[in-house]
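Labels run A, B, C, D, E, F, G, H, I and J following the written order; every chain starts at residue 1.
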Amino acid sequence: MDRNLVTQKIIQAKVRNKMTWSAIAESIGQSKEWTTAAMLGQMTLTARQAAVTQELFGLSDEETLWLQIVPYKGSLPTPVPTDPLIYRWYEIVSVYGSTIKELIHEEFGDGIMSAIDFKMDIQRQADPAGDRVNVVLSGKFLPYKTY
Amino acid sequence: MDRNLVTQKIIQAKVRNKMTWSAIAESIGQSKEWTTAAMLGQMTLTARQAAVTQELFGLSDEETLWLQIVPYKGSLPTPVPTDPLIYRWYEIVSVYGSTIKELIHEEFGDGIMSAIDFKMDIQRQADPAGDRVNVVLSGKFLPYKTY
Amino acid sequence: MDRNLVTQKIIQAKVRNKMTWSAIAESIGQSKEWTTAAMLGQMTLTARQAAVTQELFGLSDEETLWLQIVPYKGSLPTPVPTDPLIYRWYEIVSVYGSTIKELIHEEFGDGIMSAIDFKMDIQRQADPAGDRVNVVLSGKFLPYKTY
Amino acid sequence: MDRNLVTQKIIQAKVRNKMTWSAIAESIGQSKEWTTAAMLGQMTLTARQAAVTQELFGLSDEETLWLQIVPYKGSLPTPVPTDPLIYRWYEIVSVYGSTIKELIHEEFGDGIMSAIDFKMDIQRQADPAGDRVNVVLSGKFLPYKTY
Amino acid sequence: MDRNLVTQKIIQAKVRNKMTWSAIAESIGQSKEWTTAAMLGQMTLTARQAAVTQELFGLSDEETLWLQIVPYKGSLPTPVPTDPLIYRWYEIVSVYGSTIKELIHEEFGDGIMSAIDFKMDIQRQADPAGDRVNVVLSGKFLPYKTY
Amino acid sequence: MDRNLVTQKIIQAKVRNKMTWSAIAESIGQSKEWTTAAMLGQMTLTARQAAVTQELFGLSDEETLWLQIVPYKGSLPTPVPTDPLIYRWYEIVSVYGSTIKELIHEEFGDGIMSAIDFKMDIQRQADPAGDRVNVVLSGKFLPYKTY
Amino acid sequence: MDRNLVTQKIIQAKVRNKMTWSAIAESIGQSKEWTTAAMLGQMTLTARQAAVTQELFGLSDEETLWLQIVPYKGSLPTPVPTDPLIYRWYEIVSVYGSTIKELIHEEFGDGIMSAIDFKMDIQRQADPAGDRVNVVLSGKFLPYKTY
Amino acid sequence: MDRNLVTQKIIQAKVRNKMTWSAIAESIGQSKEWTTAAMLGQMTLTARQAAVTQELFGLSDEETLWLQIVPYKGSLPTPVPTDPLIYRWYEIVSVYGSTIKELIHEEFGDGIMSAIDFKMDIQRQADPAGDRVNVVLSGKFLPYKTY
Amino acid sequence: MDRNLVTQKIIQAKVRNKMTWSAIAESIGQSKEWTTAAMLGQMTLTARQAAVTQELFGLSDEETLWLQIVPYKGSLPTPVPTDPLIYRWYEIVSVYGSTIKELIHEEFGDGIMSAIDFKMDIQRQADPAGDRVNVVLSGKFLPYKTY
Amino acid sequence: MDRNLVTQKIIQAKVRNKMTWSAIAESIGQSKEWTTAAMLGQMTLTARQAAVTQELFGLSDEETLWLQIVPYKGSLPTPVPTDPLIYRWYEIVSVYGSTIKELIHEEFGDGIMSAIDFKMDIQRQADPAGDRVNVVLSGKFLPYKTY
């Protein structure tokens, strides 16, 4: 799949030019969360967003077209992640998954929290006992319907 | 492992008596998130918390002791969850995992967001386009150190 | 999980009493597709639907309560199904999955076909070359959004 | 396997030339569903269909021969798909698989719905609550026989 | 699943009463191959066949009903079989699978050999260098169709 | 492993030159089944057979040596095959594996049907209800011995 | 599978009565290697051997019949063994497997070392640097044949 | 890992020059078993052994250095081997693993047979019923100790 | 396997009687590390140690015999552990495994650190920044030998 | 990921120039344990450490930048390691994992031993019975908190 090659080229240019995701997001005009996911090959860009990206990373016209094609999503190489930071999130799903399920059902009934109509916000929270990562996940509740 | 049997007994009593996790949490005196995880066999209770739980669910003395033993954690039966609600969280890790990693590293440097010094808050957010599930995850940042 | 036991009891009563899913669905007052999924432990019943089910299968009051609890979903014992009929559906996802993805994206852009806001209709279509199974799947399109 | 390389070349040419599967299907003279599956390396083309494809994508004579060789089928890189759109189909098999099995057996007896003598039609259905994807799957019923 | 229990009961009765599959098949009035598969829980019996089976193995009326319900098929406990005899068949698929595919496609074009419209015959062939197992597999060829 | 490269070269030459396995087998002087397996990298050729193969496919001297080296066998990329035709054979092992085991043991006692002292014959059988694939597998019975 | 229950009963009786495999083998009249495998559910006993076993372990008549039925073989609960002693053997296959393959092919040509026409002898070899386990494996060479 | 490339170069040179492992072992001055394992990338060579190897296979100085670096061991591409010869050894571990465990413990007590302080000897044993492969495995017994 | 049942009985008695591993170890007369492993079913006890254990936990004579039988080892239910504490150790092997390998080889040459001739000591180390777990692992180095 | 390429270049330069990890660590000014992990792609270097590394291994400026980017961690190619030295560590987790868990919880209560705020020291311990590898692991204890 060629989107992968464009993703690699973007990551390499970012390292070489010492860019930050926040600055890139500002250029694109979206949140840093959505923009990073898009740059890492998980989201589809509009023509305008792709043009900005082309400029930022020196992409060819064909590479820029690929940014506008819906990608085959999934950014991890193994079902159980090996990277410690990402594993901690997998562990949260493992340890708290049944809790999350119970509490959402208690509040909303049968259905799911959408991972599509979804947004995420990651912030640093200063704390004298050591700063914290605060992540807000917001997903639309979608109820199962009878028919 | 016997904690599992206590967990099953709690879940069955909750269904039979039509209790809610929120009410149980109020009795225990902790958040509904921590309390549900504890009732589902993922957390260790103090003697006082265990005594309240015993009362609530009609547990035997031996069962009450098990609540105070650190459990073998992990609440899901398969590495990739099959339940649609829990799978959506696994999908978030799969699609956004590399994004989360990049943004935490950009803000904090090398390290992880703790899943131990961690808390979670799940709320309903009213929305005319359909109510949303809002989840706030807060974990201490732990840096890798050189030595 | 106790819903499983209720499911087994329902299946056994259905065999013993030579009932059909269509007749059960008529009693419940929903489509045969939704009803069968519910009886097989994949859907949550309302109090009224549960009461009809209790009557039909001679369930206890406690078993009837379990029907109204959101179940841990997923009805297959292995990631790749071994039953030939169900495997053919897995094969359709394997062989045509990328085709389905391409054509939905071509028509709708980036997003998914919901498996929650979803319904299914299974019909026999007479055909001189051998009757056919016709299945209509209808799912709401959910677009990814930028933020 | 070389068919993969031809598939990649076709996908890349399609992106570069901003073609649609519907237009390609019209040139080939088959449905958009069959044509997309064929272009993605899952179906075998006749000499005439291959010649049209050669023209459309600027393939070499040897690449065109490969289109007429029966491919090793299966279009997904993992047993449980990671792409959200394709996963939803896997989830349908997981949640509704036993339901589909029960209802087909109730109507037809023991046997399967063929995934070979099979066709598929994907349509947009306008809906004020959000447009829907409608998919019709039609497969011949094949009974198990005694001998 | 209760068919499993019936299968176990049949196997145990067969051992206890020192019956042979061939004799059982003669009673049922089908080939020894189909009959053994049916007794091992892979096939669905007619009312008449089930009645003979009830007689032979002393089954209850409810157990006899289960024989007439289409079972969840698949008779092996692991994806790669551990039993040496059954593994040899898996090895044949592994070593000769691509050969079988090539030769069927060379003779018939794209399609499959049905495992549903299928029969099997197992015979001893005397041979001075050691007797041989001869197995004849016969499956209808099902062509992929364009649409 | 270099035998793979020779196998790929043979397959590509066969496509380019529109050869058939039957014609190749006639040149090699063995059955089409053994010859195809050998060309697909599963069997070891004699010097004479390798020389014919060299001629047929325009192989180099070094490539021809590789044909005479015992290969690392196994022709499928995944434990559970994804290709529909090959999967049907895996399904036969899954559904009928215990049947095959029972019937061979009933006739021969404890032991296996050899997959080494083994041959296979694949034929088309004309049938008004649709032609059939007939496959005869013949393997020496090897008894377990006590010692 | 009931043979498992007989195996468990034998193991428990052996512990309770402080028997040794060597003494059991002497009673059965076979090597300690074959006898242990048979007692652990991997081999089929003759009527005479089963009668001795019945005596030794106080089995019922029905349990004794099960010893004479060919078992579903494979004595380990996981594909990669977790027990350190058994894992060392798996490691030998992993580290030396390609060596064993090369040397057998160099001596015998293409084929296998039989695991059916096979015997094993385990002996203690005194050694001043620490006693050694000496295991002799002897398997008939079975050549692949052309046809 | 570069040792793999050296291994491939050695294997290719061996085929091209029609060398045997026995002759190579004689040049190296070690057993054919150890030498083959070393050439296949599983053992570490001394400077002298590496120099002989360099000469034999025409390796560069850098490649010769790699022979003296401890390799990442494990010579098989899959947990369950697909090659029939190597699989038979895996089957021996599966069928006889518990037997080997029992008999070593009976003779030596708790501990393992070392796969490190280990040697192996593979010989042809002439036999009128078909020659046999005889393999002697010798490993030091290592007892678990209390502390 | 019956040792598991004895292990469960020990764990349950320990909870019921509020015993500690340290106190149990003192009674047994071994380190708390070895003793805990033994009580959890991973080590073999002498007659004397078993007698003490019998007394401590009120075991039957037959259960006490099982403590003296070498167990099938491996104390975790899944290849990748789900419990957060145990997972951290798996992560250490994943992240630092290649480092450990390199440094042991640099110091000792080719070979392994024994997990059999092995001991472990776990201590609390007071630290103003938060107390630390200090674990000392000591294993004999076992060199690979040429032969 | 490009850090892998830098890691490979470092390993190759180390072999070619016969460097030791200890000497490299001295140049970097950190322990040999941390330094080796960093060189093997598991840790992030400061600008100064990266500059020394660049000098030592002749890296390009871009490669040196990659050393300062947080890597995707995990240094092993398979969930269960195949290399005998690394496997022994996996075995320690398997056999002693539950012991480690019990003893840390007994001393500290519920929580984990950090693998992030973690250090490791590997030393040779002379021993007349054969030298030993001594490894000290030190990780901060992190308690679960209620909220």
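Going forward, a residue touches a chain if its C-beta (ideal position, glycine included) is under 8 Å from a C-beta of that chain, and two chains touch if they have at least 3 such contacts.
The chain list, named the UniProt way, goes like this: A, B, C, D, E, F, G, H, I, J = Cyanate hydratase.
This one's a predicted model, so the numbers in the text were calculated from it and none came from an experiment.
Here the CA centre of subunit E is 47 Å from the CA centre of subunit I. Rounded to a whole number, the gap between the C-alpha centres of subunit E and subunit F is 23 angstrom.
Taken residue by residue, subunit H touches two or more other chains at 33, 72-74, 76, 79-80, 82-84, 91, 94-95, 98, 101, 105, 111-112, 114-116, 142, whereas all remaining positions touch fewer.
The touch graph of these protein chains has some other shape, matching none of line, ring, star or complete.
Chain pairs that touch one another: A-B, A-C, A-D, A-I, A-J, B-C, B-D, B-I, B-J, C-D, C-E, C-F, D-E, D-F, E-F, E-G, E-H, F-G, F-H, G-H, G-I, G-J, H-I, H-J, I-J.
Residues 30-31, 33-34, 43-44, 70, 72, 98, 101, 105, 109-112, 114, 116-117, 119, 142-147 of subunit H touch subunit I in their complex. The touching residues of subunit F, counted against subunit H in their complex, run 2, 62, 65-66, 69, 72-74, 76, 79, 115-116. Those residues of subunit J that touch subunit G in the complex are listed here as 80, 82, 84, 87, 91, 94-95.
The residues of subunit G lying in touch with subunit H in their complex are 20-22, 32-33, 36-37, 40, 42, 73-76, 79-81, 83-86, 88-108, 111-115, 118, 120, 122, 124-125, 127, 129-142. Taken together, the subunit H residues at the contact with subunit F in this complex read 11-12, 15-16, 18, 78, 80, 82-84.
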